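I have placed the structure first, in the form of structure tokens, so that the comments after it can refer back to it.
Each chain gets a letter, A, B, C and D, in the order it is written, and its residues are counted from 1.
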Amino acid sequence: MRSPSVHGARLTRREALLFEAGIKLGGIFHQYLGVPVSSRTAPGLARTIERAVALQPFVVDVRVRIDPSRGGPLGRGRFAYHYLVAEMLDVRVRLGDRGVEVAARLTHRPDLRYPLMSVVAVRTARPRRARATPRRT
Amino acid sequence: MRSPSVHGARLTRREALLFEAGIKLGGIFHQYLGVPVSSRTAPGLARTIERAVALQPFVVDVRVRIDPSRGGPLGRGRFAYHYLVAEMLDVRVRLGDRGVEVAARLTHRPDLRYPLMSVVAVRTARPRRARATPRRT
Amino acid sequence: MRSPSVHGARLTRREALLFEAGIKLGGIFHQYLGVPVSSRTAPGLARTIERAVALQPFVVDVRVRIDPSRGGPLGRGRFAYHYLVAEMLDVRVRLGDRGVEVAARLTHRPDLRYPLMSVVAVRTARPRRARATPRRT
Amino acid sequence: MRSPSVHGARLTRREALLFEAGIKLGGIFHQYLGVPVSSRTAPGLARTIERAVALQPFVVDVRVRIDPSRGGPLGRGRFAYHYLVAEMLDVRVRLGDRGVEVAARLTHRPDLRYPLMSVVAVRTARPRRARATPRRT
């Protein structure tokens, strides 16, 4: 066993990854709103968020895009920068666990007026071998 | 279905709820750390977090407990209050969608030295009808 | 003096209070953005923020107003709630220390496109005695 | 004056900078607690915080140090990383405005059991001209 399951409920790897994917996106949304950002600092902030998320369990890949121009027109003079708002964020995260992979995304949907978190894809990389492998949960 | 799925992947209700449960717990953890809190204000802060979470999609119930005494010894005089830290938080959330229910919890686990988010239970209120629905896994 | 100064620099009470006022407003802005909020929960969230700020040193009074309608049009159905954004916040805080009082405010200024934090007033309750005290600048 | 004052109260440059210094430190404290961090990612996170603060008005210099080892012992396996806690943070910020400079610091003080924000120094680069300006206390 690599590690015992932390869940009280019996979950498939796929199900556990979906829970974990939600944790990551919910966390990003509620952690970084309000960070001062400009077009010059946005890529560095995005990389820092990526590296933070990559520390978390099951994360295989994470891509963060921050577009400060979506924060509306700038103020002038000393106020000519933005604070991170939901509209600027586009986050794609992939989580994996022994052959199962979940891809999820956080992106602002103008049509819904909402920062939507959704599951983009669930893949079983090697379905036959995964079956053959005894469950280590 | 009451509303079209927001997911690009085909998910069962159970799976979609697990993703949503993760969003809620991840969001709480990353939103409120740092809020000034005392034993006198902790219950009110807990209620406010509950009411905020209850606005989010699929939330059936949420219980937040904040124990400031887990924040270590207090400072003195004007420093005699705490900031919310992970150790103080115990959150239980239940999400539901047409007969399926997911219960999840965020609680600090001293043995793991970690604020653990886990799925406590998954229930199908009307198991026979749920079984009749073909699983889309 | 009731308690020794924490500052390495020599500051008047007035100056120390201005520093503290900035701490409170800066903290509020960066703590609560992203909290789910509706017109129904806004007053309770505002009270909770007030009680948290009131725990902090030198705070005499704090008034928080949250106007969710400034968050733009709502989404529909399960997305019909808001996340706290800067435009919704109006915070007035008063700090006091032995006869000196500072009033500061955080409010979104559409003309500046900026969540402006400013000092509204500085008062010396007992001006003659304050004058008598040698300035420590 | 380069730009009109935003304050309703009459403040000296020195006083206005003290208010601004508080805003920066209060904001940092309440923005970043909870960010996943390890000894490997700590320097990059510190640089990102510096660049964000540097966007804000009047900031001349900012130095952020993050010491994850102050977050207590690590968990094991997939839990072997930290979340940013107050004890890890050491922030020094300098603000300037036309010949006046304020240096402030946020650092955890174990003796006070408190993340202390304090003013380290106030300097007037061109003291004679500053003296010539009547104080508006």
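Please note the rule applied: contacts are C-beta pairs under 8 Å (C-beta built on N, C-alpha and C of every residue); 3 or more make two chains touch, one makes a residue touch a chain.
Since the structure is predicted, the reported quantities are computational estimates derived from the model, not experimental observations.
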| For A-B, which listed pair, C-D, B-C or A-C, repeats its interface with over half of the contact pairs the same? | C-D
| query | Count the touching C-beta pairs: is B-D or A-D ahead? | reply | A-D
| CA centroid of subunit C to CA centroid of subunit D, Å | 17
| field | For subunit A paired with subunit D, centre-to-centre distance based on mean C-alpha positions, whole Å | value | 29
| Measuring from the mean C-alpha position of subunit B to the mean C-alpha position of subunit D, what distance in angstrom results? | 32
| Residues of subunit A whose C-beta touches two or more other chains | 27, 29-31, 34, 79
| said: Per the contact definition, I'd like the list of subunit A residues that touch subunit D in the complex. | reply: 2-3, 27, 31, 34-38, 41, 44-45, 47-48, 51-53, 55-58, 77-79, 81
| message | Under the definition above, what is the set of subunit C residues touching subunit A in their complex? | response | 29-30, 33-34, 72-76, 79, 83, 85-86, 112-115
| query | Which positions of subunit B touch subunit A when the two form their complex? | reply | 6-11, 14-16, 18-31, 102-104, 116-122, 137
